[in-house]
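Residue numbering begins at 1 within each chain, and the chains themselves are lettered A, B and C in the order written.
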């Protein structure tokens, strides 16, 4: 062939393509290498997995986990079968901790703000000297007017944080977007207990739950789920019965035998009306001193004002809901509840998040006295405190009242330094509190975040000193709620941080600072591990519990291997007595729920927000597995959906996927409509957790219409006497925007409904070939 | 010893009365099996990979409304419709009752997924992608499926194999490390549970709604249910009638005759919603 | 002769098809023949010229002393540098070459740099091969007759070192590591051997 310019180019082209293609088929440089490392630890064997025991930190209720580690990388998280609270079981959240460890958006090294506050512009700095010195300087000059905001801390971390705060003469407050303060206050008033109690569902015959979504998010769902499994189909027992009284069709309502939709805020009245039926019909358990419990004739008279005849219409019960006369239904429910011993009443969630939430929860938990379920098998089981004298067994969590005060202090310049760890108050508090603006506009404020991830609050920080993720760090915890006896969990580092990351353990930083500022007397430990080790030695000295060891070293090793220590004989109180006249005291507290802002009207709805099944209050929003885990009921993923009843939706002229504007007196958000046959017509449900503005793309790349933070529109109403946020106490209007998006859900476009059922052999008969013989 | 390896016949029982739809199994499966991150787009295109998924069915209207959850995963059918249509024998039934997908054999015709009545096979329309750092989490025991490959639940066969190596072959108790006599070297339910060899979803399930064991294992939790379900098939094949009111045991799409190695136990309903 | 204008598209199409087919053929041939037994690059150049002859044949070091997990786990394990230094802290080598090579190892150890060897036996990512299980089988005295990788009958129970040679050949007497001469290590070889020994041949035993 003659080489012309044209075919030269053609051949050159083919040659180039061929070279590229051959390169593609080739083996990458280094792929066939096999390495002789400098040293090879005994437990690092290629292809062999090691399981290390530790603690889960993706939800507040400490659970024991085991982590599969291969070749220095964590591969899988599972439940620790020995750990008493979860007994080898996990929730979806626990599994996803791995993604926090290997998250692409981890803060790689210390960072200093370079642009205006809130601009999200940071430059990396070194730990030594810049990071630590800046922190030291700030603590020296501003320590006495500082607030340390953390996740609720128990165990030695709780001790360390509170001692550190007192050493620098600052304040330490735990933060939870959906706090348990009202629940704690109710337990204190009704049972005189400081720790959250355990509920022995496994041995219970009847569970009466008021608003507590205990199978999904409430308090300790893994433990409760485990108990629930046995409650339903455990060996050697009859199937238990679950009634869910809830203003929204929650995951627990879906699993309940009967869901009773109640008008939001009337749960407490309903509990008292059940109490009234039990008392007036004499259904109480034997040995219960009704007279003392109710508070004599005056108490009976007060209680009688809560007769089912009075309460049923107030709570919005209709014959359709109860399958007959609502009054008879309530009476029948009271008889069933009292008649199936042991039975247990629990309350929480939206029932405790109204202005009258404390009253409601007290009324609900008082029911357990009437049926004799306090401190017994199958009922409420109390937890003892911490095995160590000075180590807290419950976190100290601020309420809305505290956060309002702190916002005010920031605004007035009284608070000059904020330290943040594991808490995102800007995302987790109502926007109308204006904490974001207060921080952003404060002139003389220094904000330090110890978060390994950028979130809405750390985006406002002046200095970010990334902490290690829990799989890389030491720690301990006291289970709350525990299983009814003392449990201490130990968290150990199972892997080292990857080489491109440079985090430093938060407790170690605090201890270093304490030393540099001359507070060794209060915090004498060189590092956090030695503090834990001292705690372990103290446990060993108690000479009781699950670990039988000859010396402190053996004890420590055993503690590491088992992931914790527990003492089944160190139980909580078993002889809790009701305060005299408890029911009367509670009944006198009764008040109607109050809704500020938008009033009751045909065009307004009750807004019932709820903790997201996997993201909770948004703490886990950056973990893709949890974003992509469908909500059990709506099957929606990644987006913020708005639960609307089918009929309400058609009345508003919206359909699934439409964007609606939800407006309170404070502000408005947009959300994707999900229509459901289960939502009460006057209630709309919106999950917490989405709508982050800063940080990982997994949490933030869908702003506005698809991912909204319901906190933006909540009224700053407080629960009476506890100061907690009454997050279910907001009324809203819903309007159509005319926009629509594709909803990202697992369910098909046609709604999945259960249809009638034909026995298999009928179908086999119809499809069998005809016999023509 | 390998030559005397005792054959297993695996089976799973799903108790719908225990299931609360919590999604623990779904995430556990994704963590174990190198399933790509299901982005929003995957869901919108209805191509999300969930080897096990929780289907939710509504019943009734407000206020008498119920939601029922049912975990759906590969049913590991004895008469699997997916197997005969594969032109390259990438999917087949092994002697332990598992329906196996051999990834490096698959050419991606998708015939199997079309033929599967349970919609539990997932086709890789894209090359799976993870941010670099997240790749550290990938399980080295499971192949990362490339684009153009069909994938599905394997009953976590990699965990079963690990269990076998430890118990049947190596002859050591997974927990104590003690030697087990040759005659007893069989992977039983207790060892699987304690040695983390149960399928990931079963290990995670907080309510124990999922149970997995050898169908012949007397000490295991599934044998009685499989005996009952197999009895139903025999009764029906003999032209008899099974009173479904009296039993909780059923197989999904029993009438199709696929004989799944997965059994469901009906939810107990004291107050059923009246069906139209 | 120049082709007529009519023929051009046909020729072009033919040409493209030929190129594609030729390319596919070349790829297939390369991938087939680059594997053992033909072996392109069978004995790749290693960063350190490690002679098995000296260590095994002359000094009788057991295989599992360095490949410490071969009787315990999945991978035989290439030894860590600290393992080399057990002996080579003191042993300097008798020849000039040896001295140079040993110094390489010491330097690597001192500078905390791993040594990247070129892999000789390559196992695809989707295959699970457990050295321990195979060694245990061949060294089990209760099994009277076993069959080697090429179907040869083994009646005398081998020890660990002899078992290694069944697949790896006589590494002890090789200065450069290379696969057993003429030995195929394709899936068919695995299957033949599994069948001969009547051990499981289910796909999931090896494929993951």
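In the analysis below, a contact is a pair of C-beta atoms (placed from the backbone, for glycine too) under 8 Å apart; a residue touches a chain by one contact, two chains touch by 3 or more.
Just so you know, these numbers come straight off a predicted model, no measurement behind them.
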- In terms of C-beta pairs in contact, which of A-B and A-C ranks higher? A-B
- Item | Farthest chain (mean CA position) relative to subunit B | C
- Message: Between subunit B and subunit C, what distance separates the C-alpha centroids? Give it in angstrom.
- Response: 36
- Task: Could you give the separation in Å between the centres of subunit A and subunit B, each centre being the mean of its C-alpha atoms?
- Result: 29
- From the C-alpha centre of subunit A to that of subunit C, how far is it in Å? 51
- For subunit A, write out the residues touching at least two other chains, lowest number first. 47
- Query: For subunit C, what residues touch not just one other chain but two or more?
  - Reply: 130
- Where in subunit B do residues touch two or more other chains at once? none
- Considering the complex alone, what residue numbers of subunit C touch subunit B? 124-126, 128, 130, 132-133, 136-137, 140, 142-143, 197-200, 202-205, 207-208
- Partner subunit A, residues of subunit B touching it in the complex: 15, 17-24, 26-28, 30-32, 37-44, 46, 48, 50, 53-69, 131-140, 162, 193-194, 196, 200, 203-209, 232, 236, 240-242, 244, 250, 254-255, 257, 265, 268-271, 275
- Complex contacts: residues of subunit C adjacent to subunit A: 19, 23, 27, 30-31, 69, 72-75, 77-84, 108-109, 112-119, 122, 130
- Message: Using the touch definition from the top, list the residues of subunit A that touch subunit B in their complex.
- Response: 47, 49, 51, 66, 68, 70-71, 73-79, 81, 86, 88-92, 95-96, 98-99, 101-104, 106, 215-216, 221-222, 225-226, 228-230, 232-233, 239, 241, 249, 251-252, 254-255, 257-259, 261, 318, 320-321, 323, 498, 500, 613-614, 624-626, 628-630, 632-633, 635, 637-639, 645-647, 676-681, 702, 706, 742-748, 751-757, 759-761, 763-764, 767
- Task: Would you mind writing out the residues of subunit A in touch with subunit C in their complex?
- Result: 14, 18, 21, 25, 30, 32-40, 45-48
